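This is the structure I want to talk about, given as structure tokens.
Chains here go by letter, A, B, C and D, matching the order in which they are written, and residues are numbered from 1 within each.
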Amino acid sequence: MSTIAFIGLGIMGGPMAAHLVDAGHDVVGHNLSRLAVDVLVERGGRAATDTADAVREADVVITMVPDSPDVEALVFSEDGILAHAKPGTLHIDCSTIRPDVARRIAEAERERGIRPVDAPVSGGEPAAVEATLSIMVGGADDDVAAARPLLETVGRTVVHVGPSGAGQTVKAANQLIVAGNIQLVAEALVFLEAYGVDTESALEVLGGGLAGSTVLARKGATMRARTFAPGFRIDLHHKDLGIVTAAAREAGVAIPLGAHVAQLVGALRAQGHGSLDHSALLTQVEALSGRAR
Amino acid sequence: MSTIAFIGLGIMGGPMAAHLVDAGHDVVGHNLSRLAVDVLVERGGRAATDTADAVREADVVITMVPDSPDVEALVFSEDGILAHAKPGTLHIDCSTIRPDVARRIAEAERERGIRPVDAPVSGGEPAAVEATLSIMVGGADDDVAAARPLLETVGRTVVHVGPSGAGQTVKAANQLIVAGNIQLVAEALVFLEAYGVDTESALEVLGGGLAGSTVLARKGATMRARTFAPGFRIDLHHKDLGIVTAAAREAGVAIPLGAHVAQLVGALRAQGHGSLDHSALLTQVEALSGRAR
Amino acid sequence: MSTIAFIGLGIMGGPMAAHLVDAGHDVVGHNLSRLAVDVLVERGGRAATDTADAVREADVVITMVPDSPDVEALVFSEDGILAHAKPGTLHIDCSTIRPDVARRIAEAERERGIRPVDAPVSGGEPAAVEATLSIMVGGADDDVAAARPLLETVGRTVVHVGPSGAGQTVKAANQLIVAGNIQLVAEALVFLEAYGVDTESALEVLGGGLAGSTVLARKGATMRARTFAPGFRIDLHHKDLGIVTAAAREAGVAIPLGAHVAQLVGALRAQGHGSLDHSALLTQVEALSGRAR
Amino acid sequence: MSTIAFIGLGIMGGPMAAHLVDAGHDVVGHNLSRLAVDVLVERGGRAATDTADAVREADVVITMVPDSPDVEALVFSEDGILAHAKPGTLHIDCSTIRPDVARRIAEAERERGIRPVDAPVSGGEPAAVEATLSIMVGGADDDVAAARPLLETVGRTVVHVGPSGAGQTVKAANQLIVAGNIQLVAEALVFLEAYGVDTESALEVLGGGLAGSTVLARKGATMRARTFAPGFRIDLHHKDLGIVTAAAREAGVAIPLGAHVAQLVGALRAQGHGSLDHSALLTQVEALSGRAR
């Protein structure tokens, strides 16, 4: 069993840390708001007073925070990982950040004997709760091998996709597909409603054919019901689409639909809906179609 | 057991008719090219000399042809269904056509005592072969009830979605989602290749999370291998996107991604690739990215 | 001087007919609403009781109506042009309609000895009032030559662009460019306002460089002021974008921006703003940006 | 008369410096390739050996280089403007760079007593040669007043649009409109050619109506002739569209057409056409339409 510093106990990090406690690990949690730490302690974890405190005795540091600068602060700041982690510590970053930042962090950590693994996840809150996350892992072979048992404790599909940063690159592609799929399902639903089709039946049959998708299966019913509690917030998906459009631009890859849906997500956020679940793209299709409720 | 006239024995119609023969029905086939009829006869079906001949003695007429005018010709022409089918005949149209044409045909058939069911299918050639099609059915309750056992012989998900034409409306939505999903997967794949990621691993992990889809599962590997034998031809998907964009325009529904991918499919066709599988959208993303092979 | 039947005395047709009266022609007007006819009579024209009455004695028939079916009705109906115009009559259609409909009308008219000219106009209400319209003319050489003096009475740039229908094809291209330009100016304005730039100065300097356009010059100030009285209605521009997208699809021409702006115009109309000037695309950019006033 | 250090004597900077020489100023030029400096010397200017040398004795420093990092290097490097310019020196940056970088440079310069003016230009090579540039100027009132006579020597429309950075913000908007207009004209031309319309006549009549624009007037004929010598390179326009999309994202402004054309420009560049004039967007429309020559 390992001593694990878990930093970032939000919607996703909270249930992930809990699964690691349940699996018998010694989990020391740290989080901006204290409430989430208390929940972890009640589950059997321990509380750290700050990052340095959490990291100091850990065999493994897992970070799950919103954006690239957050991870950079955890790694590079005075009370951060580089300054306080023991040589040999495994740092698994489950945040979704820029692939180039992930590569830069990996280099800096290796120089200090820390073993970096980028391991962003997909599946959203339900998959975090059910420990069925899909995890795209980048890093050196033995570092990924060392991380695997822990990742398999919180995820169902854990795949080593390449060297450091590759996990983030695959996650960027994942976010492009997910945003696009949600928008397509939203357009289809508004279209069907405009024609008076019973969308419950329609979703069932769409799900059975080539249009079937995890988005349709997991989000279809709540989209029909206009329930947009996150889940995964528009704010974060907007951030992620910034990552993938920048990376595609950098590599000279055309992503016409990706860039298009990035505009639509950005618009929804600009209208003040950043805290809604990303499936709220539906409301924008309705508004554009003069069918707002 | 029914006597079934099956008109249109192509990539989709051929295997569907075969399943009906296997289920013990008396299937009388008709097709433009004689070869497909011979295959049916070898399987245990019978050959009709023309539409009138096929239709005359049938309890059920199933049509599976490319486009709205093809179905209109089968219904309204001198040797067609209206002229030669017995009152009480069930006409199941499995073609993908314009919803308004489906409604017009249904009206004309009802006036002559024929029972119209629109039942377009999704899943492509593999699902036709495996009898796992997803079928979106429009029509009156008892007509659909009468059609259901036959549809369940060729499909796995058979859902009554509304009155005549509703099946076609749902199919239109299906084709919007499918084209968009393929394009998104294509963009993701080219993006990942540009970054040197192993796309076999990437597809595995993408499939396990919120980006998962039937397109990814069924088309991902052939897209990686650049195998674009149809399957479902760009020509036909172009036709279908014409249907959904016209219907959305008619209803005043905004389909920004749908209209965008319709342009991309139209472009691929204009470049002479109409006979390739729709997953060949990948090659266009490559060309736009200066990465054509 | 000619006897001219002028049918359709709306925002555009009214001032055009007035210029022809002023130039000394005998203008017999017909219009759905009687008010516009009275205005023409006051100016020195005459009133017809119906189309047949207007057409019967005319040397020239000019039609200026909203859409393809309107022109078709004027040509093919019982009291229409084919039935009542003298052989040798020149029919100048200034409406914006489908190029294929223009070609079909031209064929039918030639069979009856009528001389068809398609002559759609650009420039909007101010250009109609100032007789500075830009007119794109399709037809046979001598028919266009015969029409030219009349067209030059209402327009400044009168160009023979090809055979029957070619005028409409160029007008379709015109409407694609205009809608796109308005949307681009709208995006630029909202962008500049978001950064607190003085847009009056900005429009001045934008107009002096490569971004300069007639749209910027004629619509920039009213867009800044949010004055969206037509001018040219969203409803009509939506109709025109339907023409150009259908024609581009028919010819296999990719119009990515054209199709995109067609969606945006369609959305604005679906939201109930069809009666506003097309420059109201600005309000939609504001709404999408969370900056609606 | 002023002593002017002119740094960056390329397609645009070369003719601008020449006009200043012609107007009687003492112009000291510096450029990466020596050839352009020789041309200036022949015209009556002087050659500097490096930036420090050019800047040291100057009353005015004008910079005209490709991108934000180039200007930053000229300002902040050891042999740069901050280190070597006299207090009171006017620094007019005519480059097109990020507005936020322009603001940061302005702050740093003011701290050292240097007077910053951002003055990006529009109109392309012909306008530089003819001294008819449109110049969008940001800065403090008296700094702009001091720069105005020099700017009016090279431009026709010189407008003070706001404080430091505002010139760059307006230029960003300018580049969005220009790219979009070129793409719209390209789509229109390929559409017209597909229908066999004489595009010379068509351009004439389009130019006379609401579709008229500087792009149409200056680029129409060369686009018809497929002459794509720059002019303004795709590489640079791609850079500029990166600026405007990032700035729009930062401000939460929806630029659907802007983002779309940014993809198209990026694609053309990824295909290896970065050195062509931006009007080469036409070739991509042809390729997408299967009409490549």
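Criterion: a contact is a pair of C-beta atoms (placed from the backbone, for glycine too) under 8 Å apart; a residue touches a chain by one contact, two chains touch by 3 or more.
The structure presented is a predicted model; accordingly, all values stated were derived computationally and were not measured.
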_Chain at maximum distance from subunit A, centres defined as averaged CA atoms_ = C
*Report which interface contains more C-beta contacts, comparing B-D against B-C.*
B-C
*Roughly how far is subunit A from subunit B, going centre to centre by Cα mean, in whole Å?*
36
*How many angstrom lie between the CA centroids of subunit B and subunit D, rounded to a whole number?*
52
*Can you give the whole-Å distance between the Cα centres of subunit B and subunit C?*
41
*Of all the residues in subunit A, which ones touch at least 2 other chains?*
252-256, 260, 267, 270, 288-291
*Which subunit B residues qualify as touching subunit D in the complex?*
256, 267, 270-272, 287-291
*Residue numbers on subunit D that touch subunit C, as the complex places them*: 99, 121-124, 127, 133-136, 156-162, 166, 169-170, 172-174, 176-178, 180-181, 183-185, 187-192, 194-198, 201-202, 204-216, 218, 244, 247-248, 251-258, 260-261, 264, 285, 288-291
*Once bound in the complex, which stretches of subunit D touch subunit A?*
242, 249, 252-256, 259-260, 262-263, 266-267, 269-270
